[in-house]
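Below: a set of structures, written as C-alpha cells.
Both complexes shown next keep chain A, but they swap its partner, so chain B is in the first and chain C is in the second.
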Partner chain A sequence: MLLVLADEHKEHLGFLNEVEVEVVKEFCRIAMEFIRSGPNPKLYQSAAQKLGVASETVQHGVEGLMFLLTESARYMISEIDFQDSIMTLGFSDDLRSVLLQLYLSNRGEIRTVLSEMSMDLPHYHNLEWRLEVTVAGRTLRHQVTPRLMMKLHTQDSGEKDVQVLQTDPVNLLHLTQVLEGALSEMKSTHCRRIVRNIK
Partner chain B sequence: MELSTEVQEGLQLCGDSAQISDPAFNFLVKSACETLLQGRQRDRDVLDDPSVTQADPAVLKQVFASLTTLLLEAAKHNTDSTNTSSLLEDCKMSPDRIEAFNNVYMSNRTELQSVLSSTGSGFPHIVDVDWRLDYYIKNNHLDHVNEPTYLVTLKTEEPGSSELKDVQFACTVEQLQDMVGKLKDACKSMEKASQT
Partner chain C sequence: MRFRFCGDLDCPDWVLAEISILSKLTSVKMKLLCVQVVKDLLGQSIDYDKVHKLTADAKYEAGDVKASIAALSFILCSAAKYQVDGDSLSNELQQLGLPKEHSSSLCKTYADNLGNLQAQFMRQSLKLSQLESAEWRVDYILSSSELQDVQEPMVQLRLRVRNPDTGNVVPHSFTMTADKFRLFLSELKQAHQVMEGLAL
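And now, the complex of A and B:
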C-alpha cells in the first residue's frame, strides 16, 4: 500500500532535500531518539544555528521524518511501496536510499514502541504452585484435606499484580483439562484457516 | 473436649425431666441439629412447636444453645459416642436421653464436619474456568498485529460470600502453553503424592 503524504508533511520534509546527506543522517538519528525517548528542543536550537535556519524548520524536518517512519512501520509498508511513496518528495537517489535503510533497520523497534502505547489487558506472566495438606483448623480438627496453592502473576502495561488462589485436586484436573482443550482449539481447521487468510 | 460452665448447666437442665419433657427433649435435639445443618430459618419455629410450649423460654434458650454447642464441639474433635456419653453422664442425664442424643449426633456427624470445614477463612477457591480465543488483528496505533489471544476467566468461591468472583487475564498461545505445562506438573505431583 502507498502512503499518502499531506501537503504540510511534504513541505516539512522538503527541507531535507536542501541539506547534505550527512546532515540528513544526523536528523535520522535525532528522529529515532525522538521515537525512543521524546523530543529534545536543545538539539533543534544547536542544529538550527549550525545550519543557519530557523529552529522551527529543523523541528518540522525531524518531526516529519519521525511521522514518515511511524506511519510506514504501522502499516508494515514494503520496500517498493516505501520508495514509491517518497518518490513524490523529489529527493535525490542517495537521500532515498538513506531513508529506506533507516526505515528497514528500525522498523522492528518502532513497532515495539507503538505496541507499548496500545491498549493492554492484564496478561499472564507466571504461575507458581505448591501442594499442601490442611491438617487442622479452628473450626475442625483432625483434617486431611489436600490443597493446591497458586500464585498467579499478571502484568498490565508494565504494572505487575499477584493473586493468591487455591484449588483442590478435582478442580485442578478439571482446570487442566479445559485449558488443554482450549490449546488444541488452535490446531483445528477453522482456526488455521483464519490465521492463514488474515495477513 | 472442655465445655464452659454455662453449657454444662444448660445440659443439666436439658436432662431434667421436670423442666424439659421427653418429647420436648427429642424435638430440641433434632431441631438443634437441623438448625446447624440448614441455616437459621428454623430458629423461630423452635419456640412455636407444641412440645416445648410448656417450658420456660429462658430455659429453652439455654438448653438449645448448650445442645448446639455440644454438637459442634463434638464434631470438631471427632469424638465418638462413648466420650459424649461419659460427658452427658457427668451432667446427670438419663441413659435414654443420652442414647437419643448419640443417635442424632452419630448419624449427622459427617455432615456437621463438612459444614465446619467450609466455615472459616481462606483464599479464593477456583471452581471453574471459562476461556475465549480471539484473533488480534490491529489497534489504533499499529496495523497487522495478527496474534491469537486467549481470554481466560477463573471462577472462584470465597468463604463468606455466596457469589462467584472472576479472575480474568489474557494470554498468548505460548503463555497458555506455559501455564498448562505448570498445571500438568502440579497434577503429576498430586498423583504421586496420593500414591505414596
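And now, the complex of A and C:
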C-alpha cells in the first residue's frame, strides 16, 4: 500500500531536499534518536545555527522524517511502496536511496518501540511464595494447619501492584491442575489449526 | 533426566542451549564471570564493562552476553535454593556437557559463596509487613469534658511498620486503658511462650 502524505508533511520534508546528503544522514540519525529516547531541542538549535535556517524548520524536518519512518514501519510497507510514496516529494536519487536504507535498517527496531507503546493490561511480574504451618493461635493451641502464602506482583504500564493471597494445599493442587489444563489446551487440534493459519 | 540442582526436575531447554555458549569462554574468564554474577545475586550491581571485556575474546554478541549471565544466575540460584553441594553440582554440569575445568571453576565460586547466597535468599524470602520499632508512653488522665474526675492511667503505643515492597515505614499509634493493656500483654506473653517452645 502507498503512504499518502499530508501537504503540511510534504512541506516539512521539502526542507530536506534543499540541503546536502550528508546533512540528511545526520538528520536521519537525529530522527532515530528521537524515536528511541524523545526529542532533544538543543540539537535543533545547534543544527539550525550551522545551516543558517530557523530552528523550527530543522525541528519540522526531523519530526517529518520521524513520522514518515513510524508510519512506514507501522504498515510494514515494502521497499517498492516506500519508494513510490516518497517519489511525490521530488527528492534526488541519492536522497531516496538514503531514506530507503534508513527505513530498511531500522524497521525492526521501530516496530519494537511501537509495540511497547500499545495498550497494556495488568500482567504478571513476579510471584513469591512461602509454605508455613500455623501451630497455635489466640483461640486454639496445638494445631497443625499448613498454608501457602503468595505475593503476586503485577505491572500495568509501569505501575506495580501487589496482591497477598493465601491457599491451603488442596486448593493449590486444584489451581495447578486448572492452569496445566489451560496450557495443554494449546496442544489441542483446534488451537493447532488456528496457530498454523496465523503463521 | 532429573537433576538435583533443578530440584529433581528436568533442566530447562534454554539452559542446555547456553551450556555450549558458555563452553566457548576459557575457564579463567568463566570464573571471573561467575564472580560478577554472584555479586549481582548478592544485590550489588554488576560491572557490565568488565563482563564485556571478558566476553569480547569469545566474540559474544549482545544476546549471547545476556543469555550467559541469565544461565549462570539460574544455575547458581537454583543450586543454592536446593542446597546442592559443590561436587554434585560439578558432576551434574559435566553431565550436561560443560567441560571439566569450567564446571570445577564454577563450583569453586559456588562453594565459596554458598553461605552468602543462602543468607541473601533468606532475607529476600516472602515477608509481609515487618515491625521496625515500638515506642510507648504512659499518661495519667485527670479530667475530661464528660467527667470531671477521671484519674485513669493510659498507655499510648506507636508501632512503626515497614512495608517490604515499597520500603516505607508507616507509624500506627493507639491508646489502651490499664485493663486492656494487661490483657494485651498476657496474650503476647503466651504467644512468646509458644515461640520459645518451637525455637531450636
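In this section, the second predicted complex is superposed on the first by the 182 of 199 C-alpha atoms of A that agree within 3 Å, B and C clash if a C-alpha of one lies under 4 Å from a C-alpha of the other, contacts with A are read in each partner's own complex, and residues count from 1 in each chain.
Here, a contact is a pair of C-beta atoms (placed from the backbone, for glycine too) under 8 Å apart; a residue touches a chain by one contact, two chains touch by 3 or more.
Because the structure is predicted, anything quoted here is derived from the model rather than measured.
Q: Based on the shared chain A superposition, would you classify chain B and chain C as clashing or fitting together?
A: fit
Q: Where does A:V144 make contact in the superposed view: on chain B (first), on chain C (second), on both, or on neither?
A: A:V144 contacts neither chain B nor chain C.
Q: Touch check for A:V4: first (chain B), second (chain C), both, or neither?
A: neither
Q: Which of the two partners, first being chain B and second being chain C, lies in contact with A:V162: first, second, both, or neither?
A: second
Q: When the two structures are overlaid on chain A, which partner does A:M117 contact: first (chain B), second (chain C), both, or neither?
A: In the superposition, A:M117 contacts chain B only.
Q: First (chain B), second (chain C), both or neither: which does A:W129 touch?
A: In the superposition, A:W129 touches chain B and chain C alike.
Q: Does chain C touch more residues of chain A than chain B does, or is it the other way round?
A: The partner that reaches more residues of chain A in the superposed model: B.
Q: Name the contact category of A:L152: first (chain B only), second (chain C only), both, or neither.
A: First partner only.
Q: If you've got the overlay open, could you tell me the nearest Cα approach between chain B and chain C in whole angstrom?
A: Chain B and chain C, overlaid via chain A, are at closest 9 Å apart by C-alpha.
Q: Starting from the residues of chain A touching chain B, keep only those that also touch chain C in the other complex, and list them.
A: Common interface on chain A, chain B vs chain C: 129, 138, 141, 149-150, 164.
Q: In their shared complex, at which residues does chain B touch chain A?
A: By the definition above, chain B touches chain A via 75-78, 113, 116-117, 119-120, 122-129, 131, 133, 135, 137, 139-146, 148, 150-152, 154, 156, 167-173, 175-180, 182-187, 189-190, 193-194.
Q: Please give the residue numbers of chain C that touch chain A in the complex, ascending.
A: Within the complex, chain C touches chain A at residues 125-126, 128, 165, 187, 190-191, 194, 198.
Q: Sort out for me which residues of chain A touch chain C in the complex.
A: Of all residues in chain A, those touching chain C are 128-130, 135-136, 138, 141, 149-151, 153, 160, 162, 164.
Q: Spell out the part of chain A that touches chain B in their complex, as residue ranges.
A: 74-76, 111, 114-115, 117-119, 121-125, 127, 129, 131, 137-143, 145-146, 148-150, 152, 154, 163-169, 171-176, 178-180, 182-183, 185-186, 191, 194-195, 198-199
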